[in-house]
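Shown next, in structure tokens, is the structure this report addresses.
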Amino acid sequence: MAEGKFTGEQVLNLARRACIEGNASFDVVPEKCALLVIDMQDEFVKPHWTPDWIPEATRQVPRIRKLIEHCREKEIPVIFTVYSKTHNYLDRPKTGPSMPGWYSELKIDRSSFFKEGRIWHELAPRKDEIVIHKPSYGAFYDTPLETILRNLGKDTVIICGTITYCCCGMTARQAYERSFKVVFGSDVTSTDCPEMQEPELKVLRKNFAKVMTADEIIQMLK
Amino acid sequence: MAEGKFTGEQVLNLARRACIEGNASFDVVPEKCALLVIDMQDEFVKPHWTPDWIPEATRQVPRIRKLIEHCREKEIPVIFTVYSKTHNYLDRPKTGPSMPGWYSELKIDRSSFFKEGRIWHELAPRKDEIVIHKPSYGAFYDTPLETILRNLGKDTVIICGTITYCCCGMTARQAYERSFKVVFGSDVTSTDCPEMQEPELKVLRKNFAKVMTADEIIQMLK
Amino acid sequence: MAEGKFTGEQVLNLARRACIEGNASFDVVPEKCALLVIDMQDEFVKPHWTPDWIPEATRQVPRIRKLIEHCREKEIPVIFTVYSKTHNYLDRPKTGPSMPGWYSELKIDRSSFFKEGRIWHELAPRKDEIVIHKPSYGAFYDTPLETILRNLGKDTVIICGTITYCCCGMTARQAYERSFKVVFGSDVTSTDCPEMQEPELKVLRKNFAKVMTADEIIQMLK
Amino acid sequence: MAEGKFTGEQVLNLARRACIEGNASFDVVPEKCALLVIDMQDEFVKPHWTPDWIPEATRQVPRIRKLIEHCREKEIPVIFTVYSKTHNYLDRPKTGPSMPGWYSELKIDRSSFFKEGRIWHELAPRKDEIVIHKPSYGAFYDTPLETILRNLGKDTVIICGTITYCCCGMTARQAYERSFKVVFGSDVTSTDCPEMQEPELKVLRKNFAKVMTADEIIQMLK
């Protein structure tokens, strides 16, 4: 392959390989890592409670817990994010309620949802751990997450939580954009539509993150 | 369906419907729109030139051109983005070269790529149109795009260009996050792997954008 | 005066006049205003409590209260900012403790300061009013203040509080930078060194804000 | 002095001392520094050309040149900023033309000002040095300056240029806010009104920067 001579087949194969087998070549130094646990709050995890429940998130709780505990043991900071009733909800992107994912067609009372921002009890943060009440999908937008990570001296974020293609994926893209190394947990992130998990991982693998299973992450942090 | 009684099947169906049939309910006012033409530069469009060539982007040129011309006629500002040799490339996310999408395995001379940031000649901007030399995938990061749109009095961006799941999708997410209404052209955005187009559109449809064909967009702007 | 013929005396006179007599020419529309009350918290207002006490801030309480009450009457949103123990203080600019304004030479226990972020009781926010717990001097940095103002449809901020040349002035500069019209209260902002008030007002007057007394602001909002 | 017992006189003395004699206690490591040369362009430096000419900036050229040359010798990156006709001026803060510092009262043709962004010839950047075309007073707003500094591995900025209380001071505040150590050159920054130099240095000294003469900076970087 040479400049000016790439065939359609060649560029397709290059892209596919990067999406499917890609593995970011950067090294991960455990002392430089922080674990981000994205939105594992009752609204998404507590079975049957809201229309936003992600059954797969509930199923992943034990695996996420194991990852959290391993990080605590290794003194890797664990940072949680949640949605709650911050600033009377005036800090939210304006068109949110117009989007189909809002499920406005359901005529239900939502006033008790996304109010306290309670993290699912099995994953409850320790008193000294940071919880970021974020106003938007991406954990970096309009929050001091980047400042916190730099003050902690971290250059790598490990992402778990929910939803893979929304808050987790957006946070991964933002971390990449801010020059962090991004590790993305393939089996500790979840989607409402199972068929959407792998396509999102492909995008992340090629362009934004080192995609690994929880076991591989734990192994790497040993 | 009621609080506390959502079944796994119900939440799955809700999510799937939003991804597949979703249609953001906001209204689009032509006077408030700007068209963003993302990265339709030689590196991605000129056949065979680079390993980053997107053959589908080349095929979409006539359709994108028609959309641009319609916007010009309606006095909707057309804003282009490109990558070029800005700030000696020191403005780029640090881990870029470590990502599989960089194709470092190819031992080719890249020094003439992403240097001038020349937009494909059939889509060349007019002298008075703005070209943003962006340092990262998302057109809003480290650029004055948001300021420009606000100074122009625009609250809606229409996105076309390439790659759907990377620069276009990231720009859509950022525009949503900044409270813009986002219209995303389903057949004027392109991917290197054709099978990645629809999954990205699903994500955008549910949470970030009104996804429409170029013909539908033109109809809406009449 | 003409291009290429400006004398040193002329440019000095132009600058001085702008600093001293300058008056921004934009119009203020009451419906587009929000009042920002910067850091009127116990640490700065409660007499004798901390080394950061600003006696002039205490003296200005009645005047600020009058301004707040007038805004409430006119349904102009009142937004408060405070420092508190957010994110275990990890969200703060890193070099803060190295700065002389930190008064590290005083060997006192600071653990009860800047913890709750209690606003001085005479200016207490109503339950429905927004309080922003900001991590830095400027109220816009790493907070959703800009998003909140845009969601409220406001294009003008009126600034009162303390310290004029630090948090108030920085917030004014950031608001200007983000294309807001800025009104700055000359007698409802205060400094620890009285001789620093007027120089800061000169800078703001020339480049960043319409500087007015509280009475003039109230008159304008009638 | 103790909690709850600070007198008005004590807090005044503390503040004054910090403003006048203050000296930030952080250490500066030459390998971690970058020099920022703010807006030393023809519009501000070329004698008599524009109403924005700063005679003191012209007088400081030899001293700034010495500082630049010393940094080049020590391989400390020199980064320049300028205003130019970027994005058809649509990237500027909206209320700029309403401010007194705009000198709209002068009925002169400004079309040749702030167009090319030419740096004064005696301070011309080398080919490999970065020039940031900034849209606003502060060099960090809507530009990739922070990204560039982090990619260069720098944690300290040394600021010289013009105007002290405007673009230089705003850039210092933004650098502080972003956790950089800030060194501010007291005799290599200039104002249009000489009496405004010292008050701005007082603010910076107390809260934002280590204020030093060019000779002291050069000595420190040896």
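Letters A, B, C and D mark the chains in the order given here, with residues in each chain numbered from 1 onward.
Following the convention adopted for this analysis, a residue touches a chain if its C-beta (ideal position, glycine included) is under 8 Å from a C-beta of that chain, and two chains touch if they have at least 3 such contacts.
Source: prediction; values computed, not measured.
Remark: among chain pairs C-D and A-D, C-D carries the greater number of C-beta contacts. The rotation relating subunit A to subunit B, fitted on Cα atoms, amounts to 180°, rounded to the nearest 5. Of all residue numbers seen at the subunit A-subunit C contact, over half occur in both copies; the interface is built from largely matching residues.
Mean C-alpha position of subunit C lies 22 Å from that of subunit D. Here the CA centre of subunit A is 36 Å from the CA centre of subunit C.
Subunit A and subunit D have centres, each the mean of its CA atoms, that are 39 Å apart.
Annotation for subunit C: residues 93-94, 147, 150-151, 179 touch two or more other chains. Contact topology of the protein chains: fully connected, every pair of chains touching. Interface residues of subunit B facing subunit C in the complex, by the touch rule stated above, are 147, 150-151, 179.
The touching residues of subunit D, when paired with subunit B in their complex, are 86-88, 90-94, 128, 130, 132, 135, 142-144, 146-148, 150-152.
Contacts from subunit C toward subunit D in the complex involve residues 1-8, 10-12, 14-19, 21-26, 48-55, 93-95, 98-101, 103-104, 106, 108-109, 112, 136-138, 141, 165-166, 169-170, 173, 176-182, 192-193, 196, 199-200, 202-203, 205-208.
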